[in-house]
Amino acid sequence: MKGFGSDNHSGVHPQLLSAMLAANIDHAPSYGSDPWTEKSLLAFENLFGKKVPVYFVYNGTAANVLSVRTLIKPWQSIICSDLAHLNVDECGAPEFFSGGKLLPLPSKNGKLQLSDLKNCLIRRGDQHFSQAKAISLTQPTELGTTYTTDEIMEITKWAHSEGLLVHIDGARIANAIVSLKTSFKAHLTDTGVDLISFGGTKNGLMFGEAVVFLNSALAQDFVFVRKQSAQLPSKTRFISAPFTTYIETGLWKEIADYTLNLTKNLAELVRDIPGVTITQPVQSNAVFARIPQKWVKPLREKYFFYVWDEKTFECRWMISFDTNQQEIEGFAQALRSLSSESNF
Amino acid sequence: MKGFGSDNHSGVHPQLLSAMLAANIDHAPSYGSDPWTEKSLLAFENLFGKKVPVYFVYNGTAANVLSVRTLIKPWQSIICSDLAHLNVDECGAPEFFSGGKLLPLPSKNGKLQLSDLKNCLIRRGDQHFSQAKAISLTQPTELGTTYTTDEIMEITKWAHSEGLLVHIDGARIANAIVSLKTSFKAHLTDTGVDLISFGGTKNGLMFGEAVVFLNSALAQDFVFVRKQSAQLPSKTRFISAPFTTYIETGLWKEIADYTLNLTKNLAELVRDIPGVTITQPVQSNAVFARIPQKWVKPLREKYFFYVWDEKTFECRWMISFDTNQQEIEGFAQALRSLSSESNF
Amino acid sequence: MKGFGSDNHSGVHPQLLSAMLAANIDHAPSYGSDPWTEKSLLAFENLFGKKVPVYFVYNGTAANVLSVRTLIKPWQSIICSDLAHLNVDECGAPEFFSGGKLLPLPSKNGKLQLSDLKNCLIRRGDQHFSQAKAISLTQPTELGTTYTTDEIMEITKWAHSEGLLVHIDGARIANAIVSLKTSFKAHLTDTGVDLISFGGTKNGLMFGEAVVFLNSALAQDFVFVRKQSAQLPSKTRFISAPFTTYIETGLWKEIADYTLNLTKNLAELVRDIPGVTITQPVQSNAVFARIPQKWVKPLREKYFFYVWDEKTFECRWMISFDTNQQEIEGFAQALRSLSSESNF
Amino acid sequence: MKGFGSDNHSGVHPQLLSAMLAANIDHAPSYGSDPWTEKSLLAFENLFGKKVPVYFVYNGTAANVLSVRTLIKPWQSIICSDLAHLNVDECGAPEFFSGGKLLPLPSKNGKLQLSDLKNCLIRRGDQHFSQAKAISLTQPTELGTTYTTDEIMEITKWAHSEGLLVHIDGARIANAIVSLKTSFKAHLTDTGVDLISFGGTKNGLMFGEAVVFLNSALAQDFVFVRKQSAQLPSKTRFISAPFTTYIETGLWKEIADYTLNLTKNLAELVRDIPGVTITQPVQSNAVFARIPQKWVKPLREKYFFYVWDEKTFECRWMISFDTNQQEIEGFAQALRSLSSESNF
């Protein structure tokens, strides 16, 4: 049964599975010194337009918290939005791994505002106050919205002028690149971003994310950080091989294009249904909408999804690589039925 | 190219790969609430002869350090052998995750001795001294040797009488069970072991290990420990499904039997070669042997392996599920050639 | 030179210094097993109306962060006000020591509101979300205001009904007790508070704070927590002896009475000066007031104080045990002069 | 009652107490920006023969663990002797604060041997192995012995050639300097030591130790490390003022001279008593000796001391600044009586 719960409810994309199967031959050195992993570096180099240290870890939490461990010392803070996965969905892992502090700021449609960033930079050099040292931007945000390339650039420039580093939580980064009709190079390399959690699992991989060091100086001790954090995969080839395929064949673009279109379709199909209020701009692979509380149960019996806010009944409908047009039409139809049964 | 470097140089066993492929259908709830994961609990229940909380994590380091986090508080110690993977191969991860201390003791053929355990239990209740609270036994040990069921029982009984908990680092636990001609139930459940890092990756799985709580009270907060430690797999089904197959079809036994026989074969084939000294009893899937330093390079050009001790040139030759008789014969032949070219 | 910077800018109260000198005889067992420390337990017992485990540490940061280490596990959170010393003045120490998370909430005159507490208790049992387990109330607050006994009681009752523990950051707890005309027993023991950081340094001690376990079960492992946190004083008698004097002679009441009166005097003297706006109720030993920015420099040249908010020029004027009437009059006079020179 | 338990069983030296009293005037900026603390920097500069960053903390545990936090990253190790206070008397604090690993080596009369140091430097750059980055030498050692200046020099030179930093746990460093008839400059600055825990409490101070950065580059972030570690004293003047007196008046030398002579006296008085075996060279302010088990109880009733090794009944008799000749004669007499009552 398929639903709109999360893009990690889907399985593995057939092309990526094929890449894994193809890597299952003979013996290979473990812990990332295999030829598949070496080859994947080239794929990232092409994508980002320059040589970049890339390290694979098992999941998105790991990519994020190892990034935090890399960016801040324990007496420093990393700024993120109050909605950031880092802040509300990692069970305190960033603090646990880094020993440091999160500095959550209010967000607008999930996005940090430069003015808020500027205001929070207080008490520099005051030994009593955890010192802000980095910013983490989720792109696309937890609400499915995207920072424009200009916004990324502006934040990064300001951050660097203040001695702050910039991290992108890119669990669904491909979706943002496609939605913004930009490239990894233009959007991330050229804007001066320092470090990226580059997601795979939510775009059809089985497991594994890449930590991409656009600022290569930060990579210096990362192999030790990764190993000590229990994130060094022994049979790395089964992560790197599908990643190479994902990048080199353009599958990242194909999937993100496909889900963006479906997502926009879904939004259009439901936008005018009485009782449904779309709450966020649709800029990646999720529709956020408020519906009447009593619709939730019958709707979830047909198509699973999450209630994002248990007070307003804002819901999240997420599109996966394997969602199809028929399913979103069925879902819209189910909404329409509930609406017509109600007093709208 | 195949060699004797490690049992994680091999890929994925075909039967286990099939189980993964079979799980790649439709959508499934993520984070372990899928039906494959539920089913795997039954497999573990049958194996251990009782209901046991089981949690999957990504790798052996994680299974070990999350076990340590579970067993000791930061002001406590866990006793292990000086050779333990925990002590010398985890880059300080146990200390990092637990905040506590390792208490490494000298070992005999890789095994902790009860008399040494008794001697190290000093300064109980002294606030200046990190308090021993648990023991970790590697089974089979890093030297390929095994504790007998009686030894496990004796250590566990004593440990419990002193208020200590017992952990098994079972990265290759199936190999020990087979070598000792015992069962998981008799060897681990009935001896009173509290917690097991139950390995899969070194026996043909792609990735994933299971933390098995024979002492179920210890599992109370483990879901939070796991998530905060960045070890909660989103698409858990791809770990649990092959684990179920591994256990239910008896593949664990089949592989361990096969590698044990090959390993013994290899030992017999090289034991009498002048220049080769087998240094450890052969009780699982590794042969340890000293060879002349000058043999190392030419031998490794043909068959990769690790020099275990860079001072004595004790080497480790490890047998994987996909090693075959021809390869061990080829290796023995290569040794024999080197020997005959030398002055033995 | 004396000013209004902080109640830790003053030295040691003569009576407390005498108590330290009197303890400087002969040899005494170190690390808290001396007779002075034993005697101090009785003083606390009398104050709180029941036997309470009490442990001395060096400073307020330590009392707070060791309390946090005691109250939450790393995957849990402690709720505090956004202005709490824990949140903004400990350089990330609570996160560092506990491995857990702070959950800062907006405050009203420095005080947490029960309705906000109730609203923040979300996602109970969700493994992705750090679980709230405790609340820390600063009493008096960082803004010099106090929770009433009823408010403490109400919060504590609700907290316990939800499985949360309650901590008081009582760096200046005596000032609150006196201001509220209550007793330690009525205000803290009888309201069900679990754990207190009981301050001394800001009321005339040289150094040292007491961690008081009204909930004695929480004290179980605290000697190890304290030692491992580098907070076990070797010559404890020089902390415990003055603490006993502070409590048994009623000096705590005398000092807090004296400073409360002076503080109210100061507030009255300046309240009507044009250009001065008192911003917080005066309920302990601090006056908070906004003044024109240009007054700050000339005023601080005469009497040092801190600008609390660098944007609104809200200032904090703090009264110490050794502040005198003449000084507050001089300060009020200085303000009056600045006012008359301005356009008010 | 006085005994030979520890040099922290004694109280405060009268001259140092006077210095504290003299600092108890007026208000002073807190957290170390007071004039007494500023002045103390000059005292350290004179002692070490160059400007050195110096930071005060509360106790020896803190000086040590904050040094460790400074010297190693979590994925690194610090080498120390198996008897080091760091290893066996800090309740796991070094691991807790640093997140890193201790690498304890066997010692000879409490001293690390260069050959052992060289042997333990293995697996450099291997991501699986916690990387040695520093050495901690206790001077004088936990057994009252001293490294010569040449030994310190030799170890430091080698350490630096290997990229390792050198820390001195100098809880009783003055005793070593006096015993070796050297100076702080010759023994520590000129030998290239990087970082020192400079003890005060065990030489007559009430509390407080100094972390002295001979390698000033290491001090860069130390104010934040100290604050976050809960070791920033608010009324720092009461630590820095007596420290200045201790150094500037030569009291450090006077006390250490005095206790060294008494200690040697004690050793001579008991050396030939049948049943007493002095076990360590007498090179600071402690005598280590084995005595028959049955003597312990009656002897400790008169003069408290610690049994160092509960298996061999090696005891430690420690001389304080306030021990007198009469007391050591009384103690020797008590031993002599026990001896004559026994079968020697």
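First chain written, first letter: the chains are A, B, C and D, and each begins at residue 1.
We take it that contacts are C-beta pairs under 8 Å (C-beta built on N, C-alpha and C of every residue); 3 or more make two chains touch, one makes a residue touch a chain.
Model, not experiment: these values are computed from the prediction.
Asks: Applying the document's contact definition, name the chain pair with more C-beta pairs in contact, A-D or A-C.
Replies: Looking at contacts between chains, A-C has the larger number.
Asks: If we define chain centres by averaging CA atoms, which chain lands farthest from subunit D? Would you check?
Replies: If we average the C-alpha coordinates per chain, A ends up farthest from subunit D.
Asks: When the centre of a chain is set as the mean of its C-alpha atoms, what distance in Å lies between subunit A and subunit D?
Replies: Roughly 51 Å separates the two chain centres.
Asks: With chain centres defined as C-alpha means, what is the inter-centre distance between subunit A and subunit C in Å?
Replies: Measuring from centre to centre gives 42 Å for this pair.
Asks: Enumerate the residues of subunit D that touch no fewer than two other chains.
Replies: Within subunit D, the residues that touch at least two other chains are 74-76, 90-92, 96, 99, 127-128, 130, 224, 227-228, 232.
Asks: In their complex, what parts of subunit C are in touch with subunit A?
Replies: Its residues touching subunit A are 74-77, 88-92, 95-96, 99-102, 122, 127-130, 310.
Asks: What part of subunit D is in contact with subunit C in the complex they form?
Replies: Against subunit C, subunit D makes touches at 1-3, 5-6, 8-12, 17, 20-21, 23-30, 58-62, 65-66, 90-93, 96-97, 201, 206-207, 224, 227-235, 237-238, 304, 320, 322.
Asks: Note which residues of subunit A are touching subunit D in the complex, please.
Replies: Going through subunit A, the ones touching subunit D are 31, 73-76, 99, 127-128, 130-131, 221, 223-228, 232.
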